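Have a look at these structures, which come just after this line.
Common to both upcoming complexes is chain A, partnered first by chain B, then by chain C.
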Partner chain A sequence: MDHFEVVGRSVIRKESPDKVSGRVKYLNDLSSPDMLHAALKTSTHAHARIASMDIKEAAASPGVRAVLTGKDFPQYLGLYLGDKTPLAINKVRYYGEPVAVVVADTKLAALRAAELIKVIYEPLPVVDSPSIALKEGAPILHEEMASYAHISAIMPEPGTNIANRTKIRKGDIKSGFEAADVVVADSFSFPPGDHVAMEPRAAITEILPNGQVIIHSTTQAPFVVRALMAEYFGIEPGKITVIAPPIGGGYGGKAGIQLEGLAYLLSKSVGGRKVKLVNTREQDLISSPGHIGFEAKVRLGATKEGVLTFAELSFLFDTGAYADYAVNISRAAAIACTGPYRIPNVSCDSLCVYTNHPFATAYRGFGHVELAFAIERSIDLLAEKLGMDAMELRLKNAVVAGDTTPTQSVLDHNTGNLPECIRRVGSLIEWDKGTVIKKEDGKIIAKGMGCLWKAPAMPTNSDGGAILTFNEDGSINLHCGAVEIGQGIKTGLAQLLAEKLQMSINQVHVVYDVNTTVAPHDWATAASRSLFMVGRAVLDAADDTIRQLCHTAAAVLRCPEEDLTVANGMIFVKDEPSISLKVREVALGYVYPDGTAVGGQVIGRGKYIARRLTSLDPLNGAGNPALEWTMGAQAIEVELDPRDCSYKITRAASVMDVGKVINPHIARGQVIGSIGMALSFAGKEGFLLNERGQVQNSDLRSYKILRYGEQPEYLIDFVETPQGDGPYGMRGLGEQGVIGIPGALANALSRAVGKPLNRLPLTPEEIWKSKEGKK
Partner chain B sequence: MIAQSFSYYKPATFKEAIDIFGQLQSEGKKPLYYAGGTEIISMTRKELLRPDALIDIKEIAECRELYEDGDYICYGSALPLTKVIEAPYFPLLSKVARTVADHTVRNRLTLGGNICGRLPYREAVLPFLLSDSLAVIGSKDGIRTESIATAYDKRFLLTEGDLLLQLKVDKQSAALPYHSIRKERNGSVDYPLLHAAAMYTDSGLKLAVSGLCAFPFRAELIEEALKGSILNTVQNKLNELLPSSIKQDHLASAEYRGALFNLALSELVSKKGGTVNA
Partner chain C sequence: MLKLEDIKTFTLNVNGEKKSVILGPTDVLLDVLRDKLGLTGGKPGCENGDCGACTVLLDGVPIKSCLMLAVEAVDHEITTIEGLSNTVVQDAFVNEAGFQCGYCTSGFILNTFALLKEQPEADDAVITEWLEANICRCTGYDDIKNAVKLAQNNLR
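Coming up: the complex of A and B.
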């Protein structure tokens, strides 16, 4: 019998041929003659009262069906905290905020009319950073906060600019401080920015005469959209169908709820007709949410032997004008606040703070890339003060099974082998050959390291499901709620199924569009949890399928059901394989030679729900919020010219313990993609804001991201300590590769110039200023 | 998508182009000459520009030409930068033009558009400022040829409606040794914080600079100063030798730009002979 061994093989992604030949249909490719088009009018101020808005001329413009302003939709929407109306009412809180929208027969007519809307603003003082937002007398950006609906896991503080505060209190800071021989304290920060997914966000909505609401959306979370639309607009959930086609990159920016609510209201305002709302690139950068900004204060202590004794942490997340999804980013950062280090005494206040910046949502890493930057810099500062090698200090304090996390939950035997990751990454980057090397031409080669850990930050009841149906040839259709966002999830799931059923991957057909009316429920394609959770559901469905096939076959073959097994397209007696039937003879019901049919079609059902997750204690953060922790270590090598501090990233190394690599090429691609994204984030990105809070780089000409030619050499490896409850022992790896990189890059560059670099982005000028001791 | 309406003309001759421009102007309209469109499209899209009419000059023969003409090499203003870069005549021009935008954009972006555009960098002008070059300008009175020394001060001194048809560069000066240094915020596909280009002649170094001030310029005062004094002295009195204060904006501080310029000066001076083919 063939042994397929599909798991662990670099199977080519099922969607690749269509993608590389340009045949994939993205949402904006959908078009129909009955479709109306919407265009947004956005704010030119970061904080201003809307003194007046004149829509008369726009409404009279040719082809216009409706012109709508904030007052038409006095409805707060939000995933975790309902703090945002679809269009600004009375005041704008960020540059680029939508204030009005036009629906017209064509996109052109809509855009023309949008330009005719006249808005007069009265500027208000701009809150320019989270620390300023917390100062006495700072303008309160959400005076109505007390009335906002929110989930119980977050704690807004009405009357302030704090949208959420998560507190971690573990051990006793005072005794930790007393036990420390060496203490470092410093501040770290970076500005907000964007994901820059290749596909801008879009939604198409229509309301059928029977009340059915059909929403096509570039969403990572179709079921979240369905649930929230039902809740906010009082629609029966069964009357909502959300369809999520494959999307051109999400990175968290398409989780939660985005344009769908507004698109629904627009359709409603034109009698239910189909309305398409598509972001321009500029709107996708600043009007829709991007990545969060960050300010942190870290105090970290150790004995003179380098054993960490305490961490005192203050995280201020700059969520911009609206918090919504971002309240959970500050919470996730608190849960993992120390990074993957054994620290007995921890205090952390992690705050999500309103400012007048473009607002934030989930971004690859979800709070971890932020905390890791602050922690990994601090670890290096501590190593320097201790006179200890930075890698040795990390090894000495790396968490292992039996240690506790900041939320006081115990890391079980499934915990990955972080020390091994550190050692391997050290050897990949040749740490022992020196971390600062001066070249003859005056340039300096320097290395820096950063560790990471991350567990999914998700609701305690997050789930996944899978349904398997058969075709006449015995091939299988795999239905699930996970969205293809470029991560290769459909291929990964097909591999798990093919492995389990010992069949060819080519006999597994995947369904790309997720339709919430047809697909089994799924929380969201976020948190690096899809292959784990939907994978568990797929394996469950495979078991169900085997059971049904064997049940029918047992009758036909006249043998005990439990003696049968399935492999290679056959159902057969384990110890006498010649007694067999083909899967295809049974899958749609077995037909005897005389025409009698039995068994009926096989429909495999599988499900999974997160195991034993709990909420956090609001006073000290105690609880078990983490399904599985992926750990790893990363390192960067740079070559810096000390004269002007320009630099090149020469090598990037990453070793993560992912339990089991399901598809080596896709896994490697995910990690390389993550590192590239993080290098871009740490070296180049971030909104350039003027003193009035206006974004100066709201297009891709000026918002710079890493280019293909700037990629370093990538050295990628994995450790495989099995995750007991993960499919074939795997853990998530979609986001983790970003987390350690900003810290590693800053550590390398700090080492190169001999000065602490604690702010991103690490532009040559920033480095030069630190080196020359300028402000 | 650009929502505003504008009229579009595609004249076959420069005379026709200039007539259309004059006619539209007399009707109170705001016409623009159009070639690659990389700047016009992106600025119009952001509503920073509202042209009433675009006059496409890509069909005008003079603007498309690239040829040797006796002692001169002649570049049409509507040539895409890619074509200019690939031509073998003027290595410094190839090197400098190659740093503008990225390859895909350079396939559209034209020489004349880069030099006469609204952005403050206009880097493709630097090699012409350093060599004995001529500007061929079309106007309603016909074609005139002017030395760049008189035709350019901070930008091309064109009367509204005039059209830069060609730039001609003397072959001998195009073959002079050269060196250039470009610095960006972080990554080469970006506007320059500094772009300094030099050519080396028997009588000394010639220098032209973009990015440092609000406009590209030939640094004659610095050239003179370098002849008489040691480098350090020149570097210490930059303020007196530059045509305006150093630019400070969201991309970089004046202080850093100044430091980059001083480093570049040291490097350019140390090269002396320059490179003939970099």
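Coming up: the complex of A and C.
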């Protein structure tokens, strides 16, 4: 009998033929003649009172069906903190904030009318950075904060610009400081930026006469959208259907609730007709939420042998005008604040702070790219001061099972092997051959390293589900709530199922679109947890399927159910395989020769809910918020020309302990994609903001991202310490590859120029300024 | 505002088929292909010439269809991704997983297809010169590079 070894093989993605033929339908590919089109009018100021708005001319423009402004929708909405109306009312808080919207027969008519809306602003003083936002006398951006609804896990501070504060107190900083022989202290920062998913965000909404609200959305979190839409607008959840087609890149940027609320209100304003709202690229960059900005202060101490004794950390997250996911990003960063190092005494204050910048949402790494940049730079500064090799210092302090995290939860035996990751990454990048090498032509080759850890930051009751149905040939349809965002989730889940049922993966059919009325509940396609949690649900559903198949077969074969097993499309007696039935003979009910039918169809049901997660203690942050920890080490090699500080990234190495690798090619692709994105972020990206808070680079010509040819040679490896509760021992890996890279790049370039580079992005100009001591 | 006399019927030659379409003078090729002909394989990524997601071939030459008026394409052969089927380039993108989310993919494939037709022996520098016109945010470009190399080898 064939043995199907599906897990651990690089099977080709299920959607491959359709994606290379342009036949996958993304949201904006859906259109119909009955559809109306919306266009946004956005703010030209970062902080201003709206003195007046004149919509008369726009409303009279041909083809226009409605023009709506903030006053039409006075509800405050927000993922965790209700701080935002769908359109600004009275006041705008960031450049690009939607102030009005036009609904018209065509996209062109809507865009044209939006141009005709006249807004007069009275500019207000701009809050330009989180540290300025915390100063005495800084303008308060949300005077009404005290009245905002919020979830209990976050703690906004009315009367200030603080949307959330998470405190970590572990051990005793004072004694940690006294035990230290060497202490480094420095600041690190970068501006806000964007995910730049190639597919701009979009939503289509209609309201049927029976009250059913149908929302098509570019969302990674259709069930979050359903729940929040119900809550915001008082709609019965069962009357909301959210459909998420495959997404053209998410990276966290589509994980919350964004255009859906507005699209619903627009549909409502035109009698429930279907309305399509699509971001332009410019709006997607600045009007919709992007990547958070960051300012950190780190004090780190060690004994002269290089044993870390304390870390004192202050993280200021620049959430911009609204909080969205950011109040949880600052919290997630606190949970992991030290990076994967054993530090007995930790104090961390992680704040989510309002400014007049474009607002922030989840971004691949969810707070960890940020903290890791500050920590990994500090580790290098400390190594330098200690006169110790930076890799050696990392190895000496790398966490292992039995150590505790900043929240005082113990890393269990499932914890990955970080020292092994560090050693392997060191050999991939040839660390021992030298970390600074001067070439004959004057160029300098330099290497830098960065470590990472990450646990999913998610609600304690996050869950996944799977339903399996059969076709006449015994093949299976796999239904679940996980969204295909390019990570290959449908293929990964199909692999788990095929392995479990010992069948060909070609016999597993996946459904691209997620429809919340049809699919079982799923928290969200975020936090690198889908293959873990939905995977567990798929395995559970497979067990359920086997049970049902064997139950019916036992009656037909007249043998005990427990003697039967399923493989290779057959149900058979384990020790006498010739006594058997075909799965397809049983899956839709068994029919005897005389026509009598028994058993009925098999419908496999599976579920999973996160195990034993707890909330954090508000005073010291103690708790168990982490499902699993993925560990890793990464390294970058650059070649820098000291004359103009231009550089090429020559090699990027990454070794992560991800448990069992389910699909090596896809896993490798996720890590490489993460590295490419992180190099782009650290080397090029970020909004250029003028002193009035206006974004100067709001298109892809001026907002530079990594292009073909700029990518390094990628050296990727995995350590596979099994995750006991992960499907076949796997752990999440979709985001982690971004985390160590910015620190590693900054460490390499700092080494190359002999000056600390503590600000991103690391453009040649910025490096040159630091090198020459210019401001 | 559009006046009736501005609108005329034209014939566009798309993927070897003659298509009759009503075009206004300001209609952009990308929009016409997507909205009037249902050929949604070309994607709006920036509508500003920066990302290449909208790439189509005009007489075999890759162009950004967001920057071209539809009337300019009259009398030319337009090839969209829907016009390619089971080509060596597409197979190579499947086998090397030269995509993740797939949004940039039709642009990369069409660009590669045209490149390898025109310069089968293109070296890395030439390949870069062609493909830096397109942005991919998912792959870090490695699997795309592998796909292009595989296609190049298989075409030899």
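One rule holds in what follows: the second predicted complex is superposed on the first by the 775 of 775 C-alpha atoms of A that agree within 3 Å, B and C clash if a C-alpha of one lies under 4 Å from a C-alpha of the other, contacts with A are read in each partner's own complex, and residues count from 1 in each chain.
Here, contacts are C-beta pairs under 8 Å (C-beta built on N, C-alpha and C of every residue); 3 or more make two chains touch, one makes a residue touch a chain.
These numbers were taken from a predicted model, which means no experiment stands behind them.
Following the overlay on chain A, a side-by-side fit with no clash is recorded for the pair chain B and chain C.
In the superposed pair of complexes, A:675 makes contact with chain C only, with no contact to chain B. Of the two partner chains, chain B is the only one that A:644 touches; chain C does not reach it.
Of the two partner chains, both chain B and chain C are touched by A:707.
Of the two partner chains placed around the shared chain by superposition, chain C is the only one that A:29 touches, whereas chain B remains out of contact.
By the touch criterion stated above, A:196 is placed in contact with chain C alone, chain B being left untouched. Of the two partner chains placed by superposition, only chain C is touched by A:13; chain B is not. In the superposition on chain A, A:699 makes contact with both chain B and chain C.
Between chain B and chain C, it is C that contacts the larger number of residues in chain A. In the superposed model, the vertex angle chain B-chain A-chain C (Cα centres) comes to 40 degrees (nearest 10).
When the shared chain is aligned, chain C comes close enough to touch A:486, but chain B does not. For the pair chain B and chain C, the minimum alpha-carbon spacing after aligning on chain A is 5 Å.
Shared contact residues on chain A (touching chain B in one structure, chain C in the other): 699, 701, 706-707, 710.
The touching residues of chain A, counted against chain C in their complex, run 12-13, 15-17, 19-26, 28-29, 31, 62, 195-200, 246-251, 280-281, 485-488, 665-666, 669-670, 672-677, 699-701, 705-711, 714. The touching residues of chain C, counted against chain A in their complex, run 1, 34-35, 39-51, 53, 80-82, 84-85, 90, 93-95, 97, 99-106, 109, 124, 128, 131-132, 134-145.
Chain A meets chain B in the complex at residues 107-108, 111-112, 114-115, 282, 643-644, 646, 683-684, 688, 690, 696-697, 699, 701, 704, 706-707, 710, 761-765, 768-769, 774. Taken together, the chain B residues at the contact with chain A in this complex read 1, 3-4, 42, 46-47, 102, 183, 185-187, 189-190, 193, 250, 252-253, 255-256, 259-260, 263.
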